[in-house]
Each structure stands twice: as C-alpha cells, then as structure tokens.
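Across the two complexes that follow, chain A remains constant while its partner is chain B and subsequently chain C.
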Partner chain A sequence: MERLLEVENLRVSFHTYAGDVKAVRGISFGVDKGETLALVGESGCGKSVTAKALMRLFDRTSGEILEGSKIRFDGTDVMALDKKALHAFRGSQIGMIFQDPMTSLDPTMTIGKQVGETLVIHKGISMRDAEAQAVELLRMVEIPNPEERVKAYPHQLSGGMRQRVVIATALACNPKLLIADEPTTALDVTIQAQVLDLLRDLKVRLGTAIILVTHDLGIVADFSDRIQVMYAGQIVEEGTKNDIFKRCLHPYTWALLRSIPQENATGTTLYSLTGTPPDLLLDIHGCPFASRCEYCMQICRQKMPERTECSGTHAVSCWLMHPMAPKVECPIPRGGDDARE
Partner chain B sequence: MPVSETLVQVENLKQYFPVRHGRILKAVDGVSFSIRRGETYGLVGESGCGKSTTGRAVLGIYRPTEGRVLYDGKDINTLSKPERLKFKKRAQMIFQDPYACLDPRMTISSIIKEGMEVHFSYSRQEADAKVRELLAHVGLTEDYASRFPHELSGGQRQRIGIARALAVEPEFIVCDEPIAALDVSIQAQVVNLLMRVQQELGHAYLFISHDLSMVRHISNHVGVMYLGSLVETAPSEEIYTHPCHPYTKALFSAIPKPDPDADWANTRTKLQGEVPSPINTPPGCKFCARCPYAMQRCREEAPPLRDIGNGHQVACYLD
Partner chain C sequence: MPFFHTVGWKQKSHGFESVFPAEIGKGRKMIKYILRRILYMLLVLFIVTTITFFLMHCIPGDPLTALVQKLPEQTKINYYAKYGLDKPVIEQYLVFLKGIFTEGTLGESIRFPGRQVLDTIQRYAGFSSEIGLVAVLIGFVVGIILGTVSAIKQNRLPDKIISIIAILGISLPVFLLASLFQYLFTVKWPLFPTLGWGTPAHKILPILCMSFSPLATYTRYMRSSVLDVINQDYITMAEAKGMSFSQVVRRHVLRNSILPSLTILGPNIADVFTGSFVIESIFAIPGLGSYYITAVNDRDFPMIIGCAMFYTGIYILSLLLVDILYVIIDPRIRLTGDSN
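Let's look at the complex of A and B:
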C-alpha cells in the first residue's frame, strides 16, 4: 500500500521553568493511505503530543519539535513549510478531532459558520456558499434536520451532536488523514458507539486514513488496523490488531491488557502495575519501563533495547527479545497459545 | 452480624429540582433498592440518569421530594440532631475528582483528621497515630502526612480520599465515580484497595460508575438507571449474563470489547437517538422513545419493577 505519512525520529520537548520536558523521544512510524493507526498508552505517554506534532500545533514558546525530526506527508516535507504554507496545509490535508467537543467549538458562532469557515479559508468560496455546503456536511455526519441545525449554537446541541459537528468540520475539505484525539472519551457509551459507527462508515466512504489516539483498548480492538503502544515518549511495541492482542511481547503491553477486568474473575484482585512512569524532565538511560517491569534485568537499566522486528508487521523494543535473555511466558491466558516460539 | 441484613433501604425515592419557567427536572423518579451489610451495590447508567443524585440522596445531602431512605431501619430525614451526627459518622462518601475534593491549603494529615475531630475525641498523639495507620492502610508511607494535595498524583489523591472516608470508621461508603478520572493501571490499584478494605473492615459500598466492567468486578448487586428510573436490578452475575431490559442489553453491548475477533460493530444491539431531556418527561416508560420494542401501553403507563426470579427485577412489559 502507498505510504501517506512518514515520521522519522520525532522529538518534542516542552520548555518549563523546571527544565525541558521531553514528551516524545525519537519515534518513527508511518501511516498508509486509508489505514487506521491507533496510538495507545496512559496519560503523559506522549500520544497526544505526537498527534499534535504532525500538524506542528505548537508555538515556539511552549512546545518545540526538535532538530532532526522528519515528518513527510504525501510528498510534502511538513517541517520545511513556512507559516503561510503550514496554514494552508492544516485543515486541508489533515483534519483533527479533539476530545472535548465543547471546547473545540466556538460558543459564539453558529454551527453552519464554524463548519463553513474551513471551506472559506481553504477553498476561497463565500460564506453563503460555505454555509450551504455545511448543510450537506451535517447531513453526511447524520445530524437530523441539518437545514435547521446550521443556525444553532453549540450549547443547543448534545455532546454527541457536537462531536458530529467537529467531525464535519474536520472532514470539510476532504483531508487525506484524520487525527482523532480521544474522540469519544467525553461521551456516554451508547453515544460513543454511534460516533464510532459514523467514523467507521466515513472511513470506508471517503477512504480517509485515521490516527486514533485513545486509552481504551476496547475501541482499539474494534476500530484500528494497526496499533502502537507508547510509554514515556517512546513506542515500545507496534503491530497489527492481532499482533498486539494475541501475540504481544512487551511486558508493558501485557500489563495494559491484564489490567482490564476479566468476565470470569469478578471479585478477585485485579492486576495492577506498581510505581509510576518515569519523570520526563530527566534523561532515561535504558528501557523507560525498567523500574516497573517485573522481568527487569540488569541491562534494562543501562541500555535502551533495540527495536526487534518479529514479523513484517510486528516490532517490539524489549531486552527479553535478545537471544541471550531468559525465555518468559506471556502471562495473559488468551495470548499464551502462540505468544512465543 | 448476619450478612444478609439490610443496611440501606431506598423506597420510591423521588428527587425533583425546579428549573426555570416553572418546569420540573425529575432527576430521580421513584427508585427503590436495598443494600445489605458488607455488600457492594453497583449503580450504572449514562450521564444524567440520576445515579449521582441517588447517591447523594442516600446520604441525606438532599431532602427527597418523595419517598424515604431508611438507614438501619430509620428514615434518615427524620433523625434528631444527635442521631444525624451519628449517621454522618456511619455513612461516608468518596468523590469522583481527586483534584477538586481535597482542600489545596490543608496538609494530608489535617485533611484526614478533620472528620475524626468531629466524631472522636482523640488526643493529638492518638490522632497522629491514626493518620499513620490509615496512610499505611491505603498503601502510602507516613511521610505523606505533611504533604499538600498538589504534591500527589491522581491515584495517590484518590487514596487520600479513601483514607479520609475510613477515618471516621464508617460502615457504609458511597463511591461516586471513584475511578473515572484515573488511568487504567491506577484504576485497578484503587479498585483493589476498595475491595481489600471491604474484606478487612466489612463495610458496604454504593458504587456509582459508568464503567460497566469495573462495576461487574466489584459489585454483588447491580442496578441500571435510565432517566431517573431504575430499569433493572439483579445480582451482578445474573444481570450481566441475562440482561432483560432492552436498555440494559443495549448498554452492555455498547461497550467495545478488548478482543480483536469480537466483530463488535456488527453484533451489538444498536440504539437510535439520544437520552431525552429529564425536564417534563412524558408519562409511560422513560425508555420508550428509543426502545425498538415499544408498544402503545409503554407510552401510556410506566412499567413497575417486577420480580422474575433469582432476585432479578425488571421494569418492562416484555417477557
């Protein structure tokens, strides 16, 4: 399949009074056309920062994408774009959906104007034409009575409807990539299911590639083609849905999967990780997960493990993969069958 | 103390709030259930279904519009002043947001001591010893006592919230979304702590959450609320394996399963539309506007909770 996005050695730091918070620490990945890639991990692991970096949504004063980071999107070198070109690039090539639909919509503008604004900026049409197109976009995201709703303000809509408006805005210019940063976290489960159905349907219809940022492994299992597990600003494991859920190899991925309550083990003690993620102000020598890992070896604290490719799709960064490392059984029952050779 | 004894009995609880233009918001509309000593009752539902309001009403934070809350056989809203103080010692609450529920200007030690000072007459040494004991109990070291909330992570703060509730030695704790603001691995830690404390001290929980899999894990009984009404209640395993109400079925199947082979998108029960406004709700079943099986009768008359065996009650006309 054709590559749409190629990221190489992406590093993002935030300048604070206490020092530089190194939120993303040299990650490389790619997205194919029409593919759905999920970034999973706990808060502070750098998944949202990665998503924002793809559109360079930082100003110099707060976050900075460090020298040497490469982002190529469909033949464009995103890092080389000047201010004007970047402005034209955002929204037209890549659309973005944020977690909270209330804060990503302007409370003083009607729905029609907000959806239309994107079209006015990127397609240079008049606001009147744009609002007419907005009706069609609202119909596409299955908002009932779109002719009426274009005149409504965000506060008159429910959370689920607002998120549909945000999706309509993000897709207004038919972008090749949609970045969805926790798109359903603020929604109730039945509404979440509806919004996910809508996204799935639009993905097939428009052929848009999606980068889904989430902490919900249920959504990931259902929605994504490929998964990248992030920890402390690094990708610790990546693979297809089946690679991650059935054959995962990294102890952190095991921990994530094991902390989900199992249906046949109610009332028992849940598996939980001890300790906390490392301080991102500091340099990390060795594996970032070493201090919380129950299989930690001496080398894990000294040297960052190399990325090991297990198959064409599956790669993991863990010293347990080294030929000299002790063989460890995957502790998850359902993944145990074909976990390790 | 026999295990089966009822500790909290909620009878036809109604909690209405007046809103503008003389309209009425029926947050809780005729809810009945009971919680036994040492057991966990899980209350689930989507936002705005009245589960938190129910939790607060059970603690007497609101005065019910109608109905009663019996605690150990006594109506909590007709208690005398000294009785009420005693009730407040016996029933405690853990809140959702570990950032908002701790006073940022107080040290951890004074946060934990605040309740103890009202209900017990400890000397300073005794109180300090008690704080150390509680901190150890929730898995924190004693040097946290002199720290302030901002120095703690979300999971640690939630442990302080739990320690504060345990400080007055309650027998009943309302946990209002105690894990909603936490990360998955931290959620597991807090749920483990709540279960361990319950095993050791034997108190009852009203566990309010929208996380259905966690509720299944911790609860003995589960109640499902929709728009102010309890639509189904049963022992935990029973309700998760045999959900009867169309809403319960849809709600349970709306959770994405962490299984790549589940084909969730095509196998689940789909629900059209959104939760209607709880203001001036029409008569009849609250769910009938979204229910795929709604009949004429459902629109006219609200179905009462009826027993279908195995301690399972459902408010639906369908068999």
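Let's look at the complex of A and C:
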C-alpha cells in the first residue's frame, strides 16, 4: 500500500489564560491510500484536535500546532504551506465531515450552493455549473429528488439528509482523504447505520481513505481497517481491527471494551472506569493512564512507557510489555476466531 | 382573503409540495402577506390616531387659549366656533374623520392659519429625512463593517479602538457632540458652515453628528452577533472547504449575523423622518422635529394629530420593511399564515 498521510510527533496546544492546554502530545501515525483508520478515545483525549490539525484548522482559535510537528500528505509538507496554498489544499485534498449536521450547514444558503461552493473555490467554475454538479453529488449520496433538493434550505431537511449533504460537500472535489469527525454521534441509531453504510459504499466506489474519529467502538469494529486508541493526547495502542478487539494489550483498551454493554449480560453491573483523565494543562511525567490503571506499578508514575511493537501491525505503550513486568491476563473473555479482515 | 386561493399554486404539481411548502409561490405568498400587513397597519394607524386625538384634548388648554385671553367674550365665542372647538370632543373627532375620508385632508394649522398640515409635514419631513436617512444609512453600513472587524479581531488592537468609538457613540449626548463638532470644524478649522440650510456643506456636520449614535449601536449589535456566528460549525466547515477567511465572512458570516441589527433599523428609520429636535435646533435645520415640538407646546391640534399619524405610519411601514428583509435574508423565518 502506498502511504498517503504521514504524521510525525504532532503536538497541538491551546493557549488559555490558565496556561497551555497540551491537547495532542507528540503522536505519530500514517494512513495508506484507500485505508480506513479509526481514532478512538473518550471526550477530550485529543482525537478531534488531531483531525483538525491535519488541515491546520485552528485559524481563529487559540490552538497552535507546535514546532517539530510534521504532517506530510501525498508528497506535500502541510506544515510548510502558506496561506494561499493551504486554502487550495483544504477541501480539494482532504474533505471533512463534522459531528452535528444541524449546525454544520449554513442556514441561510441553499444546499446546492453549499455543496457547489467547494467546486467554485477549487475548480474555478461558475456557481451555476457548480449547482448543476451538486445535483450529481446529491444523487451520489443517495438523496432522493436531488434536482429539487438543491434548492432547499438546510432546515427543510432531516438530520440524516443533512449529514448526507455534508458528506456530498466534503467529497465534491474527490479528495484523497476524508476526515469524519464523529459523523454519526448526533444522529439517531437507524440513521447512523444508513450514514455508515453510505460512507462504506463511497469508500469502495471512490477509493477515498477515511479517518474516522469516534468514541463508539461499535462503529469502529464494523468500519475500519486499523484502529488507534488515544488517551490524554497520546496513542496508547494501535493495531488492526483484530489486534484491538481480539489481542488488545493496554489496560485502557481493556477498560474501553469492558464498558460496552453485552447482549447476554442481563443482571450484571456494566463495568465503568473510575477516575478522570489527567489535566491537560499539566505536564505528565509517567504514563497518562497510571492514576486510573488497575495494574499500575511504580515505574508507571515515573516514566512514560516506550512504544512496544508486538507484531507488524500492533503496537502498545505500556509498562506491562516490559520483560520484567508481571504477566497480566486480559480481563475480558476473548471468544471465537479472528473476525474477517 | 379567499380570492387569492383561486390562483393555482396549490394545484401546481412538481411532486414536492409536501417537502418544501415554503418554496412554492413564495412571491405570491409575500404579496398576500404584505397586503394583510398593510390592512393591519391601517387598523393600528386608526387606533393610534383615535387615542392621540382624545388624549390631546385631555391636556389643559387649547390652541386659542393664549390668543383669546384679552379679547371680548363674543369674539372669543366666534373664534371657537370658527375652528369648531366649541363642539363636544366626539363631534370634533367625527368632523376630523370626515375630513380625512371625504377630502383627504388633515386640516389646517390653527396657530399658523393658512398652513395646511399635510403640506407642512411633506415639506419639513423632507428636510429631516435628507439628513436623517443619510445619517442612519452611514451609521448602519459603517456600524456593520466596524462591528464585523471588531469581532474578527477580537481582543486585539482594532477591536479595542472600535470598542472605544462605540462606547463614546453610545454615551456621548448628541448636543455635546454637536457643539464639539461645531467648535472643531467651524471655529478651529473652518471647513464647514456652523449652521443653516441650503448647500450640501450645511448637511455634513449634522449628518456626522446624527450618524454617530446609530453607528455605535450597530457596531455593538454586529460585534456580538458576528462573534456568535463565527464560532458556529458551518463556519469551520466553510474553512474546511478551502475558503479564505474573507470569503467566509462575505458568504456566510454577514448574512447570518445581520438580523439583530436589522431589528433596530426599522425604528431608527422612523425616527429620522420626524427629525432629531436637538440636532435640528443646534444646526438651525428647518426639519419636522421643531414643528412637532412647537405644535405640542401650542396645542395646535391639527398639527399634533398630523405629526402623530405621520410618525405612526412611518414607524409601522419601516417595521414591515424590516420584516420583509427578514424573510429575504433568513429562509427559516416563515411568513405568518404559511400553515394554512
């Protein structure tokens, strides 16, 4: 597979009155062409910030991508782009879908114009032509009656339809990478499934790579090739779908998986992880998960664990991987064979 | 209004009536809406006029009190009879209504005989609006621009400078500003005439003074609504599409944040037609403002009622104008009666 995106030592901080919030603390990862990568973690772990950083979408916020961060996309050094080149890059190379389709469309503009805008900016065609192409894009995301819907305003569409419009907008210029930032969180469950089916279908048809940001492991299992578990601005475990769901090694990943309600677990209490994530204003010296970890050792509080590669695809950052650490059994039952890859 | 239903938009079949009812026959719906609003406006105008008429007669004194003080009794009676002021108020009211509906006149000033109320309003409201409309327009446009810049450069130098201007504009009394301008631009640097009326140069200082307060108000309104809008997801989305920030502002921010400012534009427009009494006195402008005040002081009944009707009419008209602008700018705002 050809590498599409290469991120190295990405660090993002938000400057606030209280100090710098270090939201992303030196993460490195890559995405291949046509691949689906999921960023998973709880609220505030830096997954959305990572997604926005790929397009440097911190224009009017206090966010800053710190020096030394490297983002290379298909041969382009994203960090080195000037303003104009950056605008040309956004939307044409990478498209983005946002969490809440109720707020991510401009309420005063017809959806045809909003979808067409991307084309007008990047292809230099007229709005009239762009609107004509918008009809095709709306057809592509399976919106019924696209010829008439282009003239509709966002408030005249349902949430699921609006998210389809957002997807059409993001895909208008046929970008090589689509960033989906919690694309289904604001939708109800039946609509979630439809939108995910659509995304999966589009991925196959267009060959677009996808970075899926979510806290919902249920979506991830079904959708992505590779998974990265993030905690406190760092990647604690990464691997293929089977690495994470069947062979996971990090206590935080265990905790995440144990928190998913089971079908046959009536009468038992659902596991919940105690404690809160560390304050991102502070420097973290040891493992960020140490204070909540059942298996915490002395070293965990003092030194950040190194990244340990368990196989070609699977890597964990945990002191339990050290040869001198006690052997710990995964607390969740692992039934069955590997799922189909 | 059943005759509008006979126009066949409901029968028109694109197969999408159920989906976008607001889109169909929008123009026709708008006309229907405007007609209905005008009907209501006439009703409001009638009620306001009636109330004003009776209130006016409750004030002690009448237009002739000062005039007839030293006249013999019979002359007094003749005077009152001439203007119909000897009749009961109800009868006077009916006579007044008859004048409007049969002759289309508001009568003649009692204190200044021979002066038709309608002509007076027409003439002097024109002078007032020449200054006022330009002032409000300048205030609106500049206020919108300053407010937007202020919000975009939040907490930085431009924002701070603009905030100071806005606070000054809101808190400085207009007479102080006018005197200051007169001193600076006519005495210190004699660029403009101090007062008077006639040449375009006469208009510049009063317009500047009058635009300052609306400018400040629009700046404040615009700043807060732009701040609100630029934190919305659809702005981030527009940026993710690859638009430069100036494109985003032009295409998405302005339209979404202008509504609060429009709300106060209506009353503001109404104000300028009746003139700013203070500005008009300071700069000796023959506007309607001073006539209105003089009329009230003189108990010049026809003139008072005329000015009140004029002000009310302009006020509701400008509210209608703003409501129409609302619908044009924000498609989520539906015309009333859309549901039926």
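Please note the rule applied: the second predicted complex is superposed on the first by the 332 of 341 C-alpha atoms of A that agree within 3 Å, B and C clash if a C-alpha of one lies under 4 Å from a C-alpha of the other, contacts with A are read in each partner's own complex, and residues count from 1 in each chain.
Heads up, the rule we're going with is that a contact is a pair of C-beta atoms (placed from the backbone, for glycine too) under 8 Å apart; a residue touches a chain by one contact, two chains touch by 3 or more.
Only a predicted model underlies this, so the values are computations on that prediction, with no experimental measurement involved.
**Student:** Please work out whether A:91 is in contact with chain B alone, chain C alone, both, or neither, and reply first, second, both or neither.
**Tutor:** second
**Student:** Of the partners chain B and chain C, which touch A:9 in the superposed model: first, second, both, neither?
**Tutor:** neither
**Student:** Going by the contact rule set out at the top, does A:242 touch chain B (first), chain C (second), both, or neither?
**Tutor:** In the superposition, A:242 touches chain B alone.
**Student:** So in the superposed three-chain picture, is A:126 touching just chain B, just chain C, both, or none of them (first/second/both/neither)?
**Tutor:** Touch partners of A:126: none, neither chain B nor chain C.
**Student:** For A:105, is the partner it touches chain B (first), chain C (second), both, or none of the two (neither)?
**Tutor:** After superposing on A, A:105 lies in contact with chain C but is clear of chain B.
**Student:** After superposition on the shared chain, which partner residues are touched by A:191: those of chain B (first), chain C (second), both, or neither?
**Tutor:** Touch partner of A:191: chain B, not chain C.
**Student:** Would you please give the residues of chain A that touch chain B in one complex and also touch chain C in the other complex?
**Tutor:** After superposing on chain A, no chain A residue contacts both chain B and chain C.
**Student:** Provide the residue numbers of chain A that touch chain B in the complex, in ascending order.
**Tutor:** That would be residues 42-43, 158, 160-161, 188-194, 196-197, 200, 215-223, 241-242, 245-246, 255-257, 259-261, 263, 265-267, 269-273, 276, 334 of chain A.
**Student:** Mind listing the chain C positions that touch chain A in their complex?
**Tutor:** Checking each residue of chain C against chain A gives 14-16, 19-20, 22-23, 152, 230, 232-234, 236-245, 247, 251-252, 255-256, 329-332.
**Student:** Sort out for me which residues of chain B touch chain A in the complex.
**Tutor:** So the residues of chain B in touch with chain A come to 46-47, 153, 183-189, 191-192, 195-196, 210, 212-214, 216-218, 236-237, 240, 250-251, 254-260, 262, 264-265, 268, 270-271, 274-275.
**Student:** State the interface residues of chain A toward chain C in the complex, per the touch definition above.
**Tutor:** Chain A reaches chain C through residues 55, 57, 59-60, 83-84, 87-92, 95-96, 98-100, 103-109, 117-118, 121-122, 145, 148-149, 151-153, 155-156, 166, 169-170.
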